[in-house]
Amino acid sequence: MKRKLLSAVLSVAMVATLLVGCGSSAEAPAADTAGDTAAPAAEAGSEEAAAPAAEGENTLTVWCWDPAFNINAMKEAEKVYQKDHPDFALNVVETPWQDIQTKLTTAATSGQLDTLPDIFLMQDNAFQKNVISYPDAFSDLTSTGIDFSQFAPAKAAYSVVDGKNYGVPFDNGTVIACYRTDILEQAGFTVDDFTDITWSDYIEKGKVVLEKTGKPLLSCQAGESDVICMMLQSTGGSFFDAEGNPAMTGNDKLKAVMNVYAELVKTGVLVEVNDWDQYVGSLNNETVAGTINGCWIMASIQGAADQSGKWAVTNMPKLEGVDGATNYSNNGGSSWAVTSNCKNLELAADFLGSTFGGSTELYDNIISTGALATYLPAGDSEAYAEPNEFFSGDAVSKKITEFAGKTPSNNTGVYYYEARDAVAVAITNVVAGSDVDSELKVAQDTVSFAMGQ
Amino acid sequence: MTRKLRNFGMYFFLTVVSFISVFPLYWMAAAATNKSVDVIRGKLLPGTYLVENMKNLLSIAKVGPAMTNSFKYAIVCTLVSLVVCSLAGYGFEIYHDKVKDGVMSIILLAMMVPFAATMIPLFQMFSSAHLLNSTLGFILPSISTPFLIMMFRQSARSFPHDIIEAARIDGLSEIGIFFKMFFPTMRSTYAAAMTITFMNAWNNYLWPKVIMMDENSITMPMLIANLTEGYTTDYGSLMLGVFLCTIPTVIIFFLLQKSFAEGITGAVK
Amino acid sequence: MPDGGSVRHIHYKGGSQVKEKKKKFTLSQKHNATGWVFLTPAALLIVIMSFVPMVRALFLSFKTGIGANMKWVGFYNYSRMFQDSVFLQSLFNNFFYLIIQVPIMLVLALVLASMLNNKNLRFKGVFRTMIFLPCATSLVSYAIIFRSLFAVDGFINTVLIKLGFLNTGYNFLGHPWSARIIIIIALVWRWTGYNMVFYLSGLQNIEYSVYEAAKIDGASPFQTFWKITVPLLKPTILLTTIMSTNGTLQLFDESVNLTNGGPANATVTMSHYIYNMSFKYVPNFGYSAAMSYLILILVAVLAFIQMKVGDKRD
C-alpha cells in the first residue's frame, strides 16, 4: 500500500519535472537580468511585493510584532484616527523584530527600498545604528508638526540623530524594582526599606533576606549585560563619549557598576541563570524575592496569577559616590519610524502625531495591555491613577510615568550592540575572578576593533 | 546463551536511545496541554489546558493559512527537487568522466558559503524579478542542492551497470533506462531523499523570512517566530504551535520509513 | 566547467538532436551528451541561485564600509580577521566541535543503522521513527529542554548530586569546556538519527544474502560490521562525512539558541559571528563576506581531502 503511494507520488513528480524543471531553468536566467521575461511566473504576489507602501491613498502599511501589545496599540490608534478621517485604514503585518531588522538590512543593502512598508516599529537600542547605516531608508520627522517635547526626554533621545527626529516614541522601558512583600516581611523588611536606597543598602539588606529566607533578591541572565546597562544609564553614563568613541577604560561610572555587579554575585544576592525562560521561571517559581527590569516585565510577573497582591513596585537602587547617580533608568522600549518608501509622508506624520503623539484617549485604551506611555500628558489621566490589585493596590502606571520623566538619557552610540556584548564578556570574566580594569581594556579594544572598519 | 544476551543488550540499547530521542518531543506535547506558567515551572505531566491553548493560539495566529502555505511550499519543492537532483546525480555517476567529476566538485562549493553571505545578492535578484511573496520565490533557491545531487550520485554507484547494458541491448533509450530501471530500483533512496527534502523545505526559515512580506504568505516556522517575539511568551500556546509544526515531518517519516529501510532492491536483480 | 551558453545549447536542443543525428555520434559521445542533458537543469539552477550570489559576495569581501556605502580595500578584510580575537575564538570552537562531534555521531549512526537493518528485530519501525525524531523536533522546544536539563538546579545536576558525584549544582552552561561539551551532546542528539536515514537507505543496496553468507561462515556481528557493512557503505559514508563537516563548520542554531555564544564567547561559532556582524551589529558586509569565504576555503579543503580518500570507484 505504502509502496504504491510512494510510487504514485514519485510518478507525478517525474511528470512535473519535465514541465517545471525545464521551465524554471529557462525562467531563472531572466531573474538575473532584468526580470521582464519572468513576469508570467510572478503573478502570485508581485503587486504587493513591488510597492507594499502604495496600496491606496489613505492606507498605510505597518510592521510590528506583538499581537497583545504593539499590534493592538496600532489598531487602537487606527480607530482613534478614523473618527476624524473615515477613509483612513491601516494594513498591519505581524513581523517579529528580528525579521524587521533582517528585512530592513537586506532591502537597504541591496537597494530595494521599495519593499519596505510605510511605518515600522524599531527597538530603541537599534535606532541610531540603523539610521546612520541606512540614512536613505528613513524619513526625517523633525518639521512634520509632531510635538516631540511632550515625550519623556530620555525616551525621545533614542531616535534623534544629528539633531533630527526620526522616530515617534512608543512603549515605555522605564526600570522598576519589583519585590515580593511576603518574602521581605519574613526577613523583617517592607517595600519602603527598598525605596530610594543605594546599592550598598541593597546588598546589605539582600544578605539578610538571603540568610533568613534562602532567596536571592535578584536574578538575571548570565552573559547578558541588561543589569549593567540599567545601572550605567541610571548614572547618566555611557559606553561612549560625546564624539561616539568607545569610553570604557577610565570610565569611573562603568567601573563602579562592574564592581557592584561582581559584589552582587559574590554575596549571592544576585543569582545568574542561563536563559530568559529560567529568568521568568525564577520569578514565577518564587525562587527569588524580586527583580529589577524594564516595566514591561510586569506582564511576565502577572503570569503567576496566584501571586496577586504579593508584589510591590518601587524605584531601583542608585550607585554611591558617582556623579549624576539616580534611582531611575530604562531598559528596552521601541519607537515608530517612517520609511523613505512612504508615499504620503504627510499622512503618516499626521497619523502618528495625532495618536501616539497627541491622544491621551489612545493611551487610556491600551493601558490594560500594559502599554505605558512615554507621552507625558497621558500620565495625568484617570486611567493611570487606577490601583493595580496584583501589585498591592498601587497606582503603578502613574508611578512609572513619573519615573520615566526622571530617567537620565542614554547615549547609545552607533556601536551599542557591540559594546553591550563586549561588556557582557568582560563581566562574565570579572565574575569568574578576572580584574575589572584589564577586562574593560579588552572590551574597549574589541569595540575599537569593530569600529575600525 | 550469548546470543540471547546480545539480543537483550541490543533491545536495551535501542530502547534507551529511543527514550532519549523522544523525550523532548514528549515534553513538547505535554507542555501543549499546560498553562504557560506551569510550563515555566517545569511541569512534566500532561495537563488539561489544551483547549484553552488551542483557542488562544487560533486567536493570535493564522494557523490555517500558515499550514496550507507550508504544505504547498514543501510539497512542490520536494517533488521538483527530487526529479531535478536525481536526474543530475544519475547523470554525474552513470556517464561519469573527468570533466563531470570536476563539475561535481565545483557544484559542491555551492553549499559551503553560509547563506547569510549570499542572501542579500539573492534578494536583489528576486526583488527585481518580482518573485517576492510567491511560491516560486520560495522554492527556486532550494530546488537544486549539492547535497541531494551528491546523494543520488553516491547511490547510483551501487546501481548495477549490467542492468543498463542489458536495457540498452533491449533498445531502451537513456531516459527510458532512468525512468524504467533506475527509478524503481532506487526507491529506498528516493524515500530517504523525500523525507529529508520535505523536512528541510518545511523548516526553511531564513529565506522565507526575508522574501515573505505579506501576512498571507507566512509559513509555520515564521508563525512560531511570531509567537516568541514580544515581552511575554505564552509557552502553552507556543508549544502547541511547535507541536503542530513538527507533526507533518514525523508523519511523513513514519509513512516512508518502511520504503527506505526495508529492501526492495532485490526485485530487479 | 563549460560556460553557461554551451550548456544551455545542449539543454534546449540536445533532446531531439541527439536522437536525430544518432548515427553521427559514437556511442560514448552520445552517452556523454546524455549525461550533460541530465545534469544541466540542476547545474543551471545552482549557477544562478548559488554561484551568481557567491561571486557578488566575493566582490563584497574586497570592500569595506557601513551599510550600503562601500569602498574597495583589497585583501584588508582577509588580513583583518586574523587579528580579530572573537573570530579566532569562533574558528577554534568550530574545529573543536568538528573533531569531536562528527566521528562520534557518524559511528553511532552506523551502529544504529546496522542494528535496525536486522531482519529479525521487532518494533523496527517504532525504533526508527523515534531515533529519527530529534532532527524533526523544533529547535525552540529542544533548546528550552537542554538548557533546563543542564541548569544549576536542573535534572542532570540533581541526579549527579543524588549519586554523590557532586556536592552542589555545577553550572554546565556557565563554564567554557562544559558548555562546549553540551553543544556537542546536543549536536549528536539532534543529527544521529538524520544520518542513520542515509545509512539505512544505503544498506538496502546491499543484498541481505551477503550477511547470511557471512553468518554461515561464522562471522561475529562485529566482524560483519567492519568487513561488510562499512566497506559497502563507503559512498554513503563519504556523503555524510562531507555534509557533516560542512554542517559543523557552518554551525549556527546551537550556538545561538543553547548558549548564545557564551560564556564570554567560549562557544560562539563562525556563522553566529557572521550573522551578528551582518544583522545585529553595525553591518559590515565586506567583513562578513570575507569570513564566509574563509569557511568556504576550509570546507573545500576538507571535502577535497575526503573525496581523495573516499571517492574511488572500484
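Before moving on, here are some points about what is shown:
In this document, chain identifiers A, B and C correspond to the written order of the chains, with residue numbering beginning at 1 in each.
In this section, a residue touches a chain if its C-beta (ideal position, glycine included) is under 8 Å from a C-beta of that chain, and two chains touch if they have at least 3 such contacts.
Everything numeric here is computed off the predicted structure, so don't read it as measured data.
Inter-chain contacts peak for the pair B-C.
Of all the chains, the one whose CA centre sits at the greatest distance from that of subunit C is A. Our note on geometry: subunit A versus subunit C, Cα centroid distance of 35 Å, whole angstroms. If each chain is reduced to the centroid of its CA atoms, subunit B and subunit C end up 15 Å from each other.
Residues of subunit C found to touch two or more other chains are 41, 45, 49, 52, 148, 278-279, 285.
For subunit A, residues that reach two or more other chains under the stated contact definition are 21, 24, 28, 31-32, 98, 102, 105, 109, 111, 277. Within subunit B, the positions touching two or more other chains are listed as 42, 84, 87, 119-121, 125, 140, 143, 191, 228, 258, 264. On the subunit A side of its complex with subunit B, the touching residues are 2-3, 5-7, 9-10, 12-14, 16-17, 20-21, 24, 27-28, 30-32, 34-35, 38-39, 41-42, 44-46, 48-50, 52, 65-69, 93-94, 96-99, 102-103, 105-107, 109-112, 115, 117, 277, 280-281, 284-285, 296-297, 299-300, 303-305, 332, 370. Contacts from subunit C toward subunit A in the complex involve residues 4, 11, 40-41, 44-45, 48-49, 52, 64-68, 83-86, 144, 147-148, 150-152, 171, 173-174, 259-265, 276, 278-287.
Against subunit C, the residues of subunit B that register as touching in their complex are 6, 10, 13-14, 17-18, 20-25, 27-28, 31, 42, 84-85, 87-88, 90-92, 94-97, 99-100, 102-103, 105-114, 116-122, 125, 140-141, 143-144, 146-147, 149-151, 154-155, 157-158, 173-175, 178, 188-189, 191-192, 195-196, 199, 224, 228, 238-239, 242, 245-246, 249-250, 253-254, 257-258, 260-266, 269. The touching residues of subunit A, when paired with subunit C in their complex, are 21-22, 24-25, 28-29, 31-32, 98, 101-102, 105, 108-109, 111, 129, 132-134, 136, 222-223, 272-275, 277-278, 414-415, 417-418, 421, 424-425, 428-429, 432, 446, 449-450, 453. Residues of subunit C that touch subunit B in their complex: 1, 19, 31-32, 34-39, 41-43, 45-46, 49-54, 56-57, 60, 112, 115-117, 121, 124-138, 140-142, 145-146, 148, 189, 193-194, 197-198, 200-208, 221, 232, 235-236, 238-239, 242-243, 246, 250, 252, 270-271, 274-275, 278-279, 285, 288-289, 292-293, 295-296, 299-300, 303-304, 307, 313.
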